[in-house]
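Chain IDs A, B and C follow the sequence of writing; residue 1 opens each chain.
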Amino acid sequence: MGGGGALIVGYLSIIVLLPIAALISHGLSIQISTHGSGWAFWHWHVSFGFRAFWTAVTAPGSRSSIWLSLWLSLNVAAINAVMGVAIAWVLVRDRFFGRGFIDSVIDLPFAFPTIVAGVVLLAIYGPSSPIHVNLFETWMGLTLALLFVTLPFSVRAVQPVLASLDLESEAAARTLGAGGLRTFLSIVMPSLWPSVLSGFGLAFARAVGEFGSISLIAGGIGRTTTASYYIFNLTAGFLWVDAAAVSTALLAISLIVLVTTNVVSRHFQKRLL
Amino acid sequence: MSISLSHLTKHYAKTRAVDDVSAEIKHGSLTAILGPSGSGKSTLLKLISGLEKPDEGTVTIDGEDMTHVDPRHRDIGFCFQHYAPFRHMNVAKNVAFGLKVRKRPKMEIDERVGDLLSLVKLEGKAKSYPSQLSGGERQRMALARALAIEPRVLLLDEPFGALDAVVRAELRQWLKELHGQLHVTTVLVTHDQQEAMEVADQLIVMRAGRVVQSGNPLALYESPATDFVHEFLGPSTIFEGEVTRPHDLELVSVHQGQMKGRITSIVSLGFEAQVTVELSDATSTWVQLSRNELSAMGLRVALLVGVRRREDVDG
Amino acid sequence: MNTTPKWALRAVVLFYLGVLIGLPVTFLVVKALGHGFGPFWSEVTQPNALSALKLSLEVAAIAVPINAVVGVGAALLIARHKFVGKRVLDTLFDVPIAISPIIIGIALVLAYSKIGWFGAPLTRYGIKVLFSPLGIILATMSVSLPYVLRSILPVLTEVGEDQEQAARTLGAGRFRIFWNVTLPSIRWAVLYGVTLTIARTLGEFGAVLVVSGNITGVTQTLPIYIFDSWDQRFDVLGSYSGALVLALISIGVLAILAALKRREKNLLVDFA
C-alpha cells in the first residue's frame, strides 16, 4: 500500500502540485538564490517580485476583468443556491412521471463540453437568435452560460443531505401547526444550509474559472471580458509571467472562498449530525 | 481446539478497549463473552480472530502462539452482526468462497456447499442473492460460509443483534443444537444476558475492557462476584441494602415481613407479575410473583404489606 | 405539502431547466441537422474534423484508464487506511475542479515547456510539452482527475470493511480480496466515475487551448476544432456539426449514467 501511495502522490505532483507551484512561483516572480560559495548552500535567499505581481494584477484590464468575474460568479452562485434547493426538493420529495429523467438531465452540464455549450448559447441568444433575444456581449449572456455550467454543483451538494433528512421532525412541526413554508424555513433550512453553503462555494469557484462556454458569447475584449478570458489573451500574446500573476491572484481569491465555505459548512454540518 | 488469552491489551486513541485480559476457552465449548456496549467484547473477539493485533499480550490457539498470525492462516470462522454477505455473489458462491480460495476441486466444492446448505436449512436458496434473503437466512448463510473451511474455532460477533426477537430466539436454539452436533469450539459475543445464559456453557463477563468474572453461567447467576455482574446477569433489586433477585423475595402480611411498605404499582406480564413496594426506609424494591400467587393474594395499589426473603427450598 | 405550492414549484423548476438546458440542446439538434443529414455528415467526415476526433479519442484512451486506476487506488487509501496527510490527499484531488482550465494550462506550460521549470532537462531528452499531444494529455489528465475518486469514495465508505474482513478470515489474500470482494462492491460507482471522466476528457477545452497552440491537424482536439471553425473560419455548420457529435456523446454518457443510477441508488459525484 505504501508503494501505491507513493505512486499516487508522484502522479499528483506531476499533474497538479508541480504545475501549480511553478505557476505561483512565476506569478510572484519568486527567485531562490544561494549565497556563499560551493557547498555553503544554507545561505538561501528567497525573494519575490511584488512589484511585478502587483503591476500585472492591477492593470486596468486585469482589475475590471477580475471584478467582473467575482461579481458574476457571486450572482450565479447565489441564484443557483436557491434554484439548487428548489430542484433538489422536487427531485427528492416529489414524485412525478419523468423525475428520473430530470435527475439525469442535471448531470448534463457536467458531461457537456463547455465549448459546445458556448456555441449553442451563442446560437440561441446571439446576433442571429431565432427568438430574437440578443445577449451577445452582455452580462446577461455570460450569466446564462455560468448558470448552466454551475447548476449540477449546486443541486448535487444539497440533494444527498436533503434525502437523508429526518422527515419525522417536519411531520412533528406540522402537527404542531406549522405550515409548509414555515416548516421549511425553521426545520429544513437549519439542517440544510451548510450543504447549500458548500454548493455555493463550489459553484462560485467553478464560475470564476469558466472559460469555454463564455468565450464565444463574450465577443472581443471589452465590457464582457472575464478574468479567464483576460488571462487567456495574455497567453495568446505570450505574456506568461503576467498571465501567471493574474492567475495567482485569481487562485488566491477562489481558494479563500472555497476554504472558507468548506470549513464553515463542515463545522456546522458536524453539529447537526 | 482450546484458546488461551494472556494479558491482552489493546488501545484505541487514549482508551484501553481491552485491558489486561486473560482467559481460557475450553476445547469444544460454547463460550459467551457478555458485557454492555463499550466493554471491549467485540475488540476481544477481533483480537482472537487476528483482525486486530494486540498492543500487549498473547493469543494461543491449540498450544500455538497465534498473536501475530494473519487471520488467513488461523483457521477460524467469523460471523458478523450484519452478516457481511458478498452481495454480488449468490448464496452458493458465498458459501464456496473459502473453498475456492483453498483451490479445492469443483466437485468437492459443490458437494460441500450442498451439505452445508442442508445443514443450515437453506437448500432451496443456493441461487438466490443475499438481498433476497431475510436477516435470519443471511446469518445462516454466513454461518455456512464460515463452517465451509472447517475452522478450528468459530467466532460470532453479536450474530443475532440485528434480528427481531422471535427470529433471535429461534436462531439461538438452532445454534445450540448445531454446536451440539459439530462440537466446534465456539465463542459468541453478546450484550444479551438471556442469550448468553441460554446458549453458553461458559461465560466471560466483561466491563470497561476487563474481565469481571468467568465460569459456568448458572454459577455466575447464583454467586455473582460483584453487584455489576449481579445486575447484568438477571433482574435485580435492592433489599435491606443488598442487591437481591426479585424472585427471591415474597410478599406477606405486614407483621410477617422483614420490612414493611406500601404497594405503589402492580404490573402483570401474563406469566409473572412485578409488584413495586415503597418501603418504610424510603427505598423502593420490587418483588416477582407468579401468576397464581398474584391472583391468590388479591393485591392492590396502596395496600400495606410485608416483604421478606423466601425460604430456601431445602429449608 | 398541499398541492398548489407543489405544482408551482414543479412549474418553476421545469421552466428553469427547460430554458437553461432543454432549449440549448433542442436548438443544437435543429441547427446541426437543419440542412439535412447529408451536409452534417460531410462536415463531420472532413479530414480535419476526423483527425481532431481521432486525437480526442487517443487522448481519452490514455487519460481515462490512468485516472481510473489512480482514483480507485486513492479511494482505497483514503477509505481504508489512516495516515498522516490523508486530508491533504483528499483535498488535492479537488484542486482541478476549483481552478480555471486556463490556469491549469498556464501552470503546465510554466512547469514543463521550454520556458518552464523542467524545460531544460525535458528538451534535452526531446520531450516536447507545449504545442504537442503530450501537453494535451497532461492537461486532460489534470482536469479530469477527481471524477472517479469522488464517485467511488462515498460508496466505498458506506459499504464498509465487513465483507473484506470476512474474506480475510476465509483465507483470501490482498489481491483476491480487492478483485473478488472490494471491486465488485463498487463496480457501478467505478463505471459512473469512468463515464464522467470520458465525458470530461473528450470535452476539455480551455486547458488544451493554452497548451496546444491550436495547430490544425496536429494538436487540435475536437473541442478546439469546433471553436476554431467558428472563431477563425466562421464555418458555422462545421462548428454545429462537430458540436452535435460531442453533444450526442455527452447525451449517450448521460444515458449510461442514468442506467447505472438505476442499478445502484444514490450514485453521484460528491465534491462537497
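Throughout what follows, a residue touches a chain if its C-beta (ideal position, glycine included) is under 8 Å from a C-beta of that chain, and two chains touch if they have at least 3 such contacts.
It should be emphasised that the depicted structure is a prediction, and the values quoted were computed from it without experimental measurement.
K.L.:
When you draw the chains as points and link the ones that touch, which shape shows up: line, ring, star, complete, or other?
P.N.:
line
K.L.:
Need the most distant chain from chain C, centre defined as the mean of C-alpha atoms.
P.N.:
B
K.L.:
By count of C-beta pairs in contact, what is the leading chain pair?
P.N.:
Summing C-beta contacts for every pairing gives the maximum at A-C.
K.L.:
What whole-Å value do you get for the distance between chain B and chain C if each is reduced to the mean of its CA atoms?
P.N.:
About 52 Å separates the centre of chain B from that of chain C.
K.L.:
Quick one: report the Å distance separating chain A from chain B, using the average Cα coordinate of each chain.
P.N.:
Here chain A and chain B have centroids separated by 54 Å.
K.L.:
Roughly how many whole angstrom separate the Cα centroids of chain A and chain C?
P.N.:
Centre separation, chain A to chain C: 16 Å.
K.L.:
List the residues on chain C that touch chain A in their complex, please.
P.N.:
Answer in residue numbers: 1-2, 5-6, 9-10, 12-14, 16-17, 20-25, 27-28, 31, 66, 70, 73-74, 76-77, 81, 83, 89, 92-93, 95-112, 115-118, 138, 141-142, 145, 196, 199-200, 202-206, 209-210, 223-224, 226-227, 230-231, 239-240, 243, 246-247, 250-251, 253-255, 257-258, 261-262, 266, 268-272.
K.L.:
So in the complex, which bits of chain B are touching chain C?
P.N.:
Where chain B meets chain C, its residues are 49-51, 70-74, 76-78, 80, 82, 84-89, 97-98, 101-102, 142, 145-146, 148-149.
K.L.:
Considering only the defined contacts, which chain A positions touch chain C in the complex?
P.N.:
Of all residues in chain A, those touching chain C are 1, 4-5, 7-9, 11-12, 14-23, 25-26, 83, 86-87, 89-90, 93-94, 96, 100-124, 130, 144, 147-148, 151, 153, 156-157, 159-160, 163, 180-181, 195, 198-199, 202, 205-206, 208-212, 215-216, 227-228, 231-232, 235, 240, 243-244, 247, 250-251, 254-255, 258, 265.
K.L.:
In their shared complex, at which residues does chain C touch chain B?
P.N.:
162-163, 165-173, 176, 180-181, 184-185, 187
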